[in-house]
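The following pair of complexes shares a single chain, subunit A, combined with subunit B in the former and subunit C in the latter.
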Partner chain A sequence: MSFFSKTQNAPKSQAELLYDIQVRKERRFRANVGLSWLILVFILVMAFSGQEVTIGSKTFSGIQIDTEFMRKNLTFIAGGLGETIRISLMSIALAMILALLAALGRLSTVPPIYALSTFYVSLIRGTPLYLQIFFFFLALPQLGIILSGLWAGVLALGLNYGAYMSEIFRAGLSSVGKGQREAAMAIGMTPAQTMRRVILPQALRFAIPPVGNEFIAMTKDSALVSATGFVHELMWRSTKVGRAQFHNLEALIMAAMFYWVMTLLLTYIQSIIETRLARGDR
Partner chain B sequence: MKKLLTLASLLVLASLVLAACGTPATEAPAATEAPAATEAPAATEAPAATEAPVMEKDMLAAVLERGYILVSTDPNYEPQSFLNTEGTRPADTKCPSDALTNAEIQGFDVDAATAIGDALGVETCFATPSWDLITAGSWSDKWDVSVGSMTINTSRQQVLDFSVPYYYTPAVIAVAADSGFDTIESLAGQALCAGVSTTYEAWLNNDMEALGLPDSSIYAAVPEGITVVPLETDQECAQSIASGRKDFVGYVTSETVVDANLAAGLPVKKLEGAVYSEDLAAAFDKSSTLDTASLLAKVDEVFTAMHADGTLSELSNKWFGMDITQAPN
Partner chain C sequence: MNTNSVFSAMPIVKISNLDKYFGHLHVLKNISLDVPPRQVVCLIGRSGSGKSTLLRCINFLEEPSQGTIEVDGIRVEGGEKGRHHRQLVHDVRLKTGMVFQEFNLFPHMTVLENVIEGPVIVKGIGRQKAIELAEENLDSVGLLFKKDEYPNRLSGGQKQRVAIARALTMEPRVMLFDEPTSALDPELIGEVLNVMKKVAKAGMTMIVVTHEMGFAREVADRVLVMAEGELVEDANPADLFNSPKDPRTKALIDRYRSGEQA
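What follows is the complex of A and B.
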């Protein structure tokens, strides 16, 4: 008891006071941001509630939506979530492999390998993803390779993101100091060993957080895969029920909510991974 | 550092495992073909024996052998073909994983297609490629036949083979209810909408070659000086008007679609009189590596029998509330 009262009554040092102010400021900032978010979400919900709001002399009427339709089709549209995540995971795996290969190719001193890598990145980045998905679906059968809608989509997404992500991996590789390579050589490692044991591990730590960002972007671009009609993911399901039952808007709003929630979750996971990786910094 | 590498490689591994899990599912049809082969002799006897020993494999025989017929249909249209969101996929289905079973899709086209499957004694599965992929031909054997309310026309006949018609659809013009237009002629100089790659778009463009219909089934001339607005499907045209957009005053589509729009309470009205009538039939890909002739003959036989015994009229009454399976004069 006496111990407690003693610490409470003890006058705080200048540094402690300054620190407290800082903490309070930060807390107030967070609270205000949270409040603003609530207000923004409230405005968004009101905009879609179909209710009339009168502010001064002006009356705004909200967007009318049929909540009955939304309730009835919720489980059906949600059934596409798994497919969306599955496509994204398969595509990001392919993209990571391609990106790493393309980045290594970019650093190669062998002309054909360097050319192949730059050619791939240039061609893929120079054409729309939507077009690439149809290309793999329609053109490859002429070569005797018949891909299902799903695999055509995964191939297109993987190739596309691989090209964009090769820049990330290249930046990662070049972020490893020249001294590291020289030191590895000095203790007698072969170039392959240097790459595997010294350069790549350090480069990957640099590259993983941006890959998370790309993955989050990909979950949304995976909607394009439904264009061929064979992949029954979120977007496909919502457009089909929406069109057939004349409720495009409601169906798209539902898909939007699912994508948003999924993105929020993935962003959260991404931030955890990022802090984990930052711990290793010295 | 090691941890990191393990983490990264685990991520890649996990995704690859997921991908690998996906593979058997998509290859399932191939796997099921093997056990079916034991039944094949009995099933293929009748059709295959009568056919000349051509080099190409016969599609009818292939369908009987694998135990399901893969029908393409566009589930964007109620009541022709639309998803049954409450239906659950039967566990013992032979359908490929990216195709829908009879339980997951419904409508007039679906019932007509199922009748073909039933006549052959096989399961009917539904592939859902986007509409422009179906009409373009070159299906790369991804599905067997289209039963999707496709209008027979001359340009499609260059890439597709058609069965006998199973129903007929008059095409009409619908306009915004408050637009004040009452006749087809009064639409001169206005903007009109149609689904892209549909015959309605061809008619609006006055492209009679693309429309490819005989003169006797065309009832009205295209209004003069109109602007054509092609959207992805006819349904976007209707919804665009319903949402209050003014990009066009009306749209051309089948009478059944307009009736469904009206039933759903969309603020549109139907202009009196059909502009032309379409004969709708099942279609086969001319570039198929399988010989489609025997299956086409079988489909003709099934549709003719269904016209004769009133099954199609019954289905039409069930889905459209009227009989539209009688040929217009």
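What follows is the complex of A and C.
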């Protein structure tokens, strides 16, 4: 008998057996969760199918929705997807710049800079996003500054998320050990070179997953920009056709589905990025 | 035997009347020290004696409270501020290479990128020339084959050898080692000490803060003992280990001897 066939037939150790049980348990749990999800989705679909379902002695009738209306307005509402994504991308870009500046300010030892950073974060976090959007769109014109709905929305979202995300960047910057700074200084780097070449690359890598989460949240908060009435994104389009034809139920369900699927997709992309970063682990 | 003895007599590092305070704590007390070219100096002492702080004052990772540091003819007064002072500190740092206890390699760069970072970004020598120099130094620490790895794939000993190559590639006049083997597993200490011996043999001026008495005895030209912020003994290793003058030195060496036997 060869060495290999011998080891193959060898009985499993106690540890291996315990591990197998653990793995099987986990697999069963995940399978059951998946099944439950399917059932929940099925119930949701049935609830809006208009069908009558009899379980035992009870009969449930599903909510009647106008599928004809949905089909007719699908392209119109879907046409808002691009605008939603555009607002979100522009806002997250602005938010990242502001968050980084605010985080650097927060770590500054110069009192006015530290104060400016905390002042900004406090003011923005202390007021509603909805108010901020209206402020840029409706209040600024009184001062002679007229912004389009889009720019008012992007500014408000960017400022708002920037304030919240400053904490992420601050954590990222603090995660880089003091030894890194010293090593950079010891080879003669200036503070600016140290920041750009050594601290920032490591801090940003740390910040990528949480920034992804913020971006996903932002795609949904971008719906608030519809309140200006001039940005034809998902929410604006669905309320427009919904109100006009008194089919708000159908219109909002459609918008909700678009947001949900978009979130699922983005979450999936996010998880891929995260595992890739974890694999690099550097 | 030396035709330009006038120059070789000029110290590479000259510390004059150095004081360092941390708040009210007087951690370095009026230290003066000359290190001539090619000398290997080991700085020993109990933890908290100020030896690391002294080393870090030489390249201004700690700003001295007062006193003068002179490295290869660049004279910097401690405790000053301003653009001129920063420029001088920068110049001193270009003359000194530093190796840390915790290696402090840049984790987001490969081994080669770590080593060429300083020459390319700080000294502005061409990338190609920097790579040549870096590969030469990586080869002499025995790690050229790891040049494309990231630091987290290396053992502690390998990381420290890369850190030594990184410092050498800046072509410093003096190398400062801050407890270079203290964070290493015992079986990895030897490879780092061997590289340091090699650097010493190649004629580098070195100041080494260490607990490795064996290294001090074998490689150092001169051993300095620090206690409570003062230099209490300055001797060649043979004299120091055989007939220590200061009682604190004696205690230090006795502790080392008993550790050796254990």
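Brief remarks on what is shown
Just so we're on the same page, the second predicted complex is superposed on the first by the 248 of 282 C-alpha atoms of A that agree within 3 Å, B and C clash if a C-alpha of one lies under 4 Å from a C-alpha of the other, contacts with A are read in each partner's own complex, and residues count from 1 in each chain.
We take it that a residue touches a chain if its C-beta (ideal position, glycine included) is under 8 Å from a C-beta of that chain, and two chains touch if they have at least 3 such contacts.
No experiment lies behind these values; they were computed from the predicted model shown.
In the superposition on chain A, A:R243 makes contact with subunit B only, while subunit C stays out of contact range. Comparing subunit B with subunit C, more residues of subunit A are touched by B. Once chain A of one complex is fitted onto chain A of the other, the partner contacts of A:A256 are absent, as it touches neither subunit B nor subunit C. By the touch criterion stated above, A:A139 is placed in contact with neither subunit B nor subunit C.
Of the two partner chains placed by the overlay, neither subunit B nor subunit C lies in contact with A:L40. In the superposition on chain A, A:Q193 contacts subunit C only, with no contact to subunit B.
Looking at the shared chain after the overlay, A:E182 reaches subunit C, while subunit B stays out of its contact range. Once the two complexes are overlaid on the shared chain, A:Q202 sits against subunit B and subunit C alike.
Overlaid on A, the two complexes show subunit B and subunit C touching the same residues of subunit A, namely 201-202, 205, 280. Against subunit B, the residues of subunit A that register as touching in their complex are 72-73, 75-76, 86, 89-90, 92-93, 96-97, 137-138, 141, 146, 148-151, 154, 200-202, 204-205, 208, 227-232, 237, 240-241, 243-246, 248-249, 277, 280.
Contact residues of subunit C toward subunit A in the complex are 59, 61, 90, 93-94, 96-98, 100, 102, 104-108, 117-118, 121-123, 150-152, 166-167, 170. The touching residues of subunit B, counted against subunit A in their complex, run 1-2, 4-5, 7-8, 11-12, 14-16, 18-19, 22, 26, 74-78, 82-83, 85-86, 98, 100, 127-130, 133, 138, 140-142, 233, 235-236, 238-239, 242-243, 261, 264, 266. Per the touch definition, subunit A reaches subunit C in the complex via residues 177, 179-180, 182-190, 193, 197-198, 201-202, 205, 280-282.
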